[in-house]
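Remarks on the structure that follows.
Going in written order, the chains are labelled A, B and C, and every chain counts its residues from 1.
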Amino acid sequence: MMDIEILKEGVFDEADDSEKNPEKEYKNAVSTKDLSVYFNKRAAIDKISLKIKKNTVTAIIGPSGCGKSTFLRSLNLMHDLVPKARVFGEIFIHNEDINNFNAVDIRKKVGMVFQKPNPFPTMSIYDNVVAGLKLNGYHKKSELDEIAEKNLKYSGLWEEVKDRLKTPAVSLSGGQQQRLCIARTIAVKPEIILMDEPSSALDPISTSKIEELIYHFREYYTIIIVTHNMQQAARVSDQTAFLYLGKLIEFSKTRRMFTNPKEKLTEEYVTGKFG
Amino acid sequence: MTTSSILKNPSNLRRRKITNSVMLMLCILAAIITILPLLYIFFYTTQSGVSSLNIDFFTQLPKPVGEEGGGMANAIAGSAILIGIGAMIGIPVGILSGIYISEYSKSFISTIVKFITDVLSGVPSIIVGIFAYGIIVIPMQRFSALAGGFALGILMIPTITKITEEMLKLVPQSLREASLALGVSRWKTTLKIVLKTASSGIVTGVLLAIARAAGETAPLLFTSFGNSFWQTSIDEPMAALPLQIFAYAISPYDDWHRQAWAGAFVLIFLVFVVNLIVRIVTRNKFSGNL
Amino acid sequence: MDALDSGKEIKSKKKAGDIIFENITLLFALILVGLVVFIAIEMFLDSSQSRSKFGFGFIFSQNWDPVKEEFGALTFIYGTIVSSLLALLISLPVSIGVAVFLSEIIHKSLRTSISFLIEILAAIPSIIYGFWGIFVFAPFMRSTVQPFLNTYFGFLPFFKGQIYGTGLLTASVILAIMITPIISSITRDVLKAIPVSQREAAYALGATKWEAIKMALLNARSGILGGSVLGLGRAIGETMAVTMVIGNKAQIKESLFEPAYSMASVIANEFAEASGSIHISSLIEIGLILFGVTFIINSLARVLIYSVTRKA
């Protein structure tokens, strides 16, 4: 279904410029220190500190309302939109303090895929893929065509839509829409991709396609995925963070988390005793 | 009011049932007597106006008193010009203030703006006419299309502001987030995603404001003033369809009455079509899987 | 736990474009607010001549004599108040009936088209109501309604005397037609805001349909009051339709058949032709009063309406 060869050859050179610039070599793609988010006066996440290595997949699990989305959205400064939200602590993106960037630059580096597919309804499939570029003033037709094709191939959608690129994006099925949103996200060449329950609104077949994408993407991106599905976490991730009531309870290798967790609470959660 | 107090006398079932039927009948009657004048106005205007609605009506100038025939070409053109001037004021102020209320709704100022918008929509149009008179007619020392258009522009603002606000609020937050997450700045997101998604709704709001302005008479009485001649420069008095209808309606001539009915028919037709468009567009909006 | 204990706050820098854009929209929003303030100031200043010459007596004087330059607004205030209140009195029960009809009685499939027709009623320009009033409605009042009232209710002072067709009563009925769509649509909105559970509880206790509706109406009463006040404000400011049917005679008479004059009408009729500056100034003072009254009434209406629909 997917053209893995193209993926391997990769036009993802930018994401991999560490070889060209050895001094920019970094191991941690994301690290947080005492990261807290408050809505009004209530803490939704409380002093979360963790380090995420480059080119790994990190799953974030925990019962509903424990702060998974809140944590994820603080990494691309999405709380800007919510007036009552305040974020405290430190975030480093590739070892650089997030305060050194503005939100627009951060979001170009740190892409996001949402729970519910949200293609732009006024735009065609094609325009959705290149939306991030066009909206930022990039209009070279020939290159946009190439970028659209490339990214639709990476997201495994090309064969299904290549004959109807100009049709409205909302005419696609839910699973296709979500892959379109992934294509749109990678078209702006992020280095880190945040995914907030990207397949929870999808059928099993679409879900497995998304998981397959994540599996291949780890070569080029650092991925952080929120999921409430423990099997999914086990299938796709290298390490897993377990949040409970806004606190980070455990953060370790996924295999270990599901076989031999350090914390009692984690064990109860992954074995389905609550949640 | 508690439920039980209504039923304090539940034994009297028969009387309660009769009351029920009578009251429901009265409600139906209320609806009928509300619709009746509408239908009456509609048919009467059509019947009295259509016969004078010929090519002359749209192409000829008014004839002097006593002569039959002529038309309202200058008044129709005048209305178009006045509305054009009004739109240049009403559309930018309406849309941008609507954006402010909807997109920056956290602020205290936006609550005030929202409230004032509602209040402004209730300010009598003749007051706006007095305002335009003081601001434009007095300094220019003559009635002018500019003053009339200015008044119409002010009257268009609250309608456009409100519809813009409502339409923008219908745009799902997820689209704003999608755009921002791509590294698009907030203002570009607002203009190119949010406003664009809501554009058809906002266009209908503008149409609605225009249809209303087209029928406004009172604020033009002492701003645009009216004119029997062909006149297109905006610093001179200018004819307008409703002004012409008014002048003809209170005249003693049957032929003028017929022409006034024709003008009234044009206005009603405009109102009907615009409202129909608004209905269709706003109903089909944002259904589906957004 | 206090948020401020939690260390350094992360706040992203705003980009210049965003700051500029927000401030542009703010500027236009402030223009909107400024307009209303400006209207008030302008009318206040332009009426200074009249205000200093007549003082508060302006409101209580019936004198309106452009030749002697004696001006007082009482007859116009009277005409405006009576015609608007009467319009509200006629319109309110009908509006509630229409709202109930549309939200409770009529089948869904017809609802949209009927409510569309009623919306159109609100959108018809007032000049057309006035025109129709002169040629159709006033003659109908003269030939049918007023003789009927005179015959059966003639013992009341309101329905006595000469019948002209045009006059206070006719203006009130036309105003009532014009404000019914406004009041009924607000009533519908507030009825929608009343939770269904209350209704169901009433039915569960064996209430008839009307009893359940009555309870909802009573619960929505402050919103309905808000709608009424809004309609009243519209009636007070209505100009063309009233000007064309009220008779335009500055007098205060008991009989509702008599012609009268309203604040908006006298401005409409005399402003363009007013010669003396004191005459214009007096007309602007009437405008100022009209503005003040409609401003207060509309504010009140909005507060009442928000109080119901916000809760929902």
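Here is the rule we use: a contact is a pair of C-beta atoms (placed from the backbone, for glycine too) under 8 Å apart; a residue touches a chain by one contact, two chains touch by 3 or more.
Small disclaimer: the values here were computed from a predicted structure and weren't measured.
Viewed as a network of touching protein chains, the structure reduces to a complete graph with every chain in contact with every other. The most distant chain from chain C is A, comparing centres defined as mean Cα coordinates.
Set against one another, A-C and B-C show the most C-beta pairs in contact at B-C.
The chain closest to the protein's centre is B, with centres computed as averages of CA atoms.
Annotation: 47 Å between the Cα-based centres of chain A and chain B. Centre-to-centre separation between chain A and chain C, using Cα means, comes to 55 Å. Between the Cα centres of chain B and chain C there is a gap of 16 Å.
Residue positions 15 of chain C are each in touch with at least two other chains. Within chain B, residues 185, 188 each touch two or more of the remaining chains.
Residue positions of chain A touching 2 or more other chains, listed in rising order: 80, 103-104, 106. Chain contact summary for the complex, chain C toward chain B: residues 15, 17-18, 20-22, 24-33, 35-36, 38-39, 42-43, 46, 93-98, 100-102, 104-106, 112, 114, 116-121, 123-132, 134-136, 177, 180-181, 184, 198, 201-202, 205-211, 213-215, 218-219, 230, 233-234, 236-240, 244, 264, 267-268, 271-272, 283-284, 287, 290-291, 294-295, 297-299, 301-302.
Within the complex formed with chain C, the chain A residues making contact are 34, 36, 38, 41, 43, 47, 74, 77, 80, 86-91, 98-99, 101-104, 106. Within the complex formed with chain A, the chain B residues making contact are 106, 172-185, 188-189, 192-193, 196-197, 199, 288-290. Looking at the complex, you find that chain B touches chain C at residues 1, 3-4, 6-7, 10, 16-17, 19-20, 23-24, 26-31, 33-35, 37-38, 40-41, 44-45, 92-93, 96-97, 99-101, 103-104, 109-110, 112-113, 115-120, 122-131, 133-135, 143, 154, 157, 161, 185-188, 190-191, 211-212, 214-218, 221-222, 225, 242, 245-246, 249-250, 257, 260-261, 264, 267-268, 271-272, 274-276, 279, 283.
Contact residues on chain C toward chain A in their complex (touch as defined above): 1, 3, 6-15.
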